[in-house]
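You will see two complexes here that share chain A, one where it goes with chain B and one where it goes with chain C.
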Partner chain A sequence: MTLLLYAIADAEHALPPGLSGLDDRPLRSVAHGRLSAVVGECNDAPTVTPAALVRFEQTVEELMGDGTVLPARFGTILSDEAAVEQLLSSRHDQLADALRRVTGAVELAVRAAWLDDVAGPSRPPGPHAGAEYLLGRLERRRRAEQLAAVIDAAVGDLARERACRILARPESPVTAAYLVSFPRVDEFLARCHNLEATIPDASLVCTGPWPPYSFVTREQT
Partner chain B sequence: MVTSAGYSSPVRTAAARDIAVIDLLDRLLQGGITIHGDIMLSVAGIDLVELDLRVLVAAVDKAAGR
Partner chain C sequence: MTTRIAADPENVEKGLIQLVLTIVELLRQLMERQALHRIEGGSLSEEEVERLGRTFLALSERMDELKEEFGLDDKDLNLNLGPLGDLL
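The block that comes next holds the complex of A and B.
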């Protein structure tokens, strides 16, 4: 019987009573030092299904409702409690530091989409097609970087940290994540809403608040 | 979206819901704490997101009752 990791929290973090995870398995907490790991038993590595993903996310959000947690990536399994303690022990200071950085904050995602059709740079025929194709790609990157700067100028001062990806997908010029303290969330969302009206060529969608998936390690910020 | 924190969801339109599901997948399968070598999924996360996104977006939407 292996253990599925849901989140890592402060050692004092109390599990909400009766909270269960995937397959309605009860959750338990394994503590080490200043940290605790929230795990649930699982028979094997979990299968990626829509229902499992949604249940996992709901479970982590329930845990977050009782205090700050570091969410685990879906499918992170450990062989037994000793392995959980080993994880908490070997990365104790790094995890405690990450927990401290995200305490009292949530992640908000801002994703932009172009309103005109710039997603499909199919290679046109013709003698100068290659050059045009490359210039088109450069132009799309330039526009995406510009848009990222506009978004950051509008909301960046409200965030503790940011993680931004340019052209992560052809249809997504900007995919940004911001770590925002609780009291600033409403203003962040309001500013995003107002910002969209000032951008003629892109739509903005803000989702969250999420557990701080994009801010659990320093490398990702 | 997070309901436990008590915020109202800013996601309103159908296209925005799709984006919310993509954001969910991005986070659960590519974010969060990992243990090197211990991630074992029945479906490879990256392929899932890149290749079968449309199918999964629709399916997650359905599972979430949206």
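The block that comes next holds the complex of A and C.
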């Protein structure tokens, strides 16, 4: 019976009583050194479906509600408890450092979307269609970078760390994640809400708190 | 830590096309960024900007046609590179 990894936490992290994961399988902790891994049994690698992803995310959030955790990437399976201990042992210091980095903090995501049509009005190609296309792309990138700077100026001082992508998709000028300490979450959300009214050409959506996915990936994988 | 892939033979062809188009899209974006960088640096003449722009425009339109033909959208043209994040 293989084990699905949900999160890594401090060795003293207590599992919420009765917490179950995918397929309602009970969860358990496997401890090693200062760390523990929260796992649940699974027959095979879980199939990626919206329902499974939501259940996994909800489970990690419930774990997070009880203390800081490093969320695992969905579908990380280990052959048995010995493999879990091997994972914790081989990356013990790295994982402990990553856990310390996010302790007492959550991830808040800020996503901006253009209000105007990304493709722009369609029209027959003129004599300068090529230049118009490239200069249009350049202008859009500049606007996206300016927007990222505006967002960061408004909320950046509340965050421990940030991860920002410019134009990850044509319709999304800014996709940012901020690592924010618990006591600052409400102020962060309030500032984001106020900020949107001041931005004329994009809508702003702030979501969270989330487990700090954007700030642990390197260490965990 | 192990990762298992459930291979479905019926999807192999589409998966291959998806991979090829992802690589083409990566190259298109890299070249376009390079072109924008050179425009910003002022190292391209107006004629060169026009010529490059027409090339990228045509490539972008062709990519849209191919995506539609194979039932793919923008979010399909990406690869998760684990610790390095997403390719695009």
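What we mean here is this: the second predicted complex is superposed on the first by the 208 of 221 C-alpha atoms of A that agree within 3 Å, B and C clash if a C-alpha of one lies under 4 Å from a C-alpha of the other, contacts with A are read in each partner's own complex, and residues count from 1 in each chain.
Note that in this section contacts are C-beta pairs under 8 Å (C-beta built on N, C-alpha and C of every residue); 3 or more make two chains touch, one makes a residue touch a chain.
The structure presented is a predicted model; accordingly, all values stated were derived computationally and were not measured.
S.K.: Counting only touches as set out at the top, which of chain B and chain C does A:L4 meet: first, second, both, neither?
M.R.: So A:L4 meets neither chain B nor chain C here.
S.K.: Quick one: classify A:E132 as touching chain B (first), chain C (second), both or neither.
M.R.: second
S.K.: Contact-wise, after the overlay, does A:H193 reach chain B, chain C, both or neither (first, second, both, neither)?
M.R.: A:H193 sits against chain B, while chain C stays out of touch.
S.K.: Looking at A:V155, would you say it contacts chain B, chain C, both, or neither? Reply first, second, both or neither.
M.R.: The answer is neither, since A:V155 touches no partner chain.
S.K.: If we overlay the two complexes on their shared chain A, which of chain B and chain C does A:G75 touch? Say first, second, both or neither.
M.R.: both
S.K.: Classify the contacts of A:A45 with the two partner chains as first (chain B alone), second (chain C alone), both, or neither.
M.R.: Both chain B and chain C are touched by A:A45.
S.K.: For A:L87 in the superposed arrangement: first (chain B), second (chain C), both or neither?
M.R.: Both chain B and chain C are touched by A:L87.
S.K.: Between chain B (first) and chain C (second), which does A:V216 come into contact with in this model arrangement: first, second, both, or neither?
M.R.: A:V216: touches chain B, not chain C.
S.K.: Under the stated touch criterion, which partner chain does A:C206 make contact with: chain B (first), chain C (second), both, or neither?
M.R.: Touch status of A:C206: first partner only.
S.K.: Between chain B and chain C, which makes contact with more of the residues in chain A?
M.R.: Counted on chain A, the partner with more touching residues turns out to be B.
S.K.: Could you give the residue numbers on chain A that contact chain B in one complex and chain C in the other?
M.R.: Of chain A, residues 5, 45, 47, 73, 75-78, 87, 217 contact chain B in one complex and chain C in the other.
S.K.: Note which residues of chain C are touching chain A in the complex, please.
M.R.: Counting only chain C, the residues touching chain A are 1-4, 6, 32, 35-36, 39-40, 46, 49-57, 60, 74-75, 82-83, 85-86, 88.
S.K.: Help me check something: in the complex, which residues belonging to chain A touch chain B?
M.R.: My answer: residues 5, 7-8, 45-51, 53-54, 56-57, 61-62, 64-65, 70-78, 87, 95, 106-107, 109, 111, 113, 175, 182, 185-186, 189, 192-193, 203, 205-211, 213-214, 216-217, 220.
S.K.: Can you list the chain B residues touching chain A in their complex?
M.R.: 1-5, 7, 10-11, 15-16, 19-20, 22-35, 38-43, 45, 48, 56, 59-60, 62-64
S.K.: Applying the document's contact rule, which stretches of chain A touch chain C when the two form their complex?
M.R.: Touching chain C from chain A are residues 5, 44-45, 47, 73, 75-79, 83, 87, 125, 128-135, 137-138, 141, 168-170, 217-218, 221.
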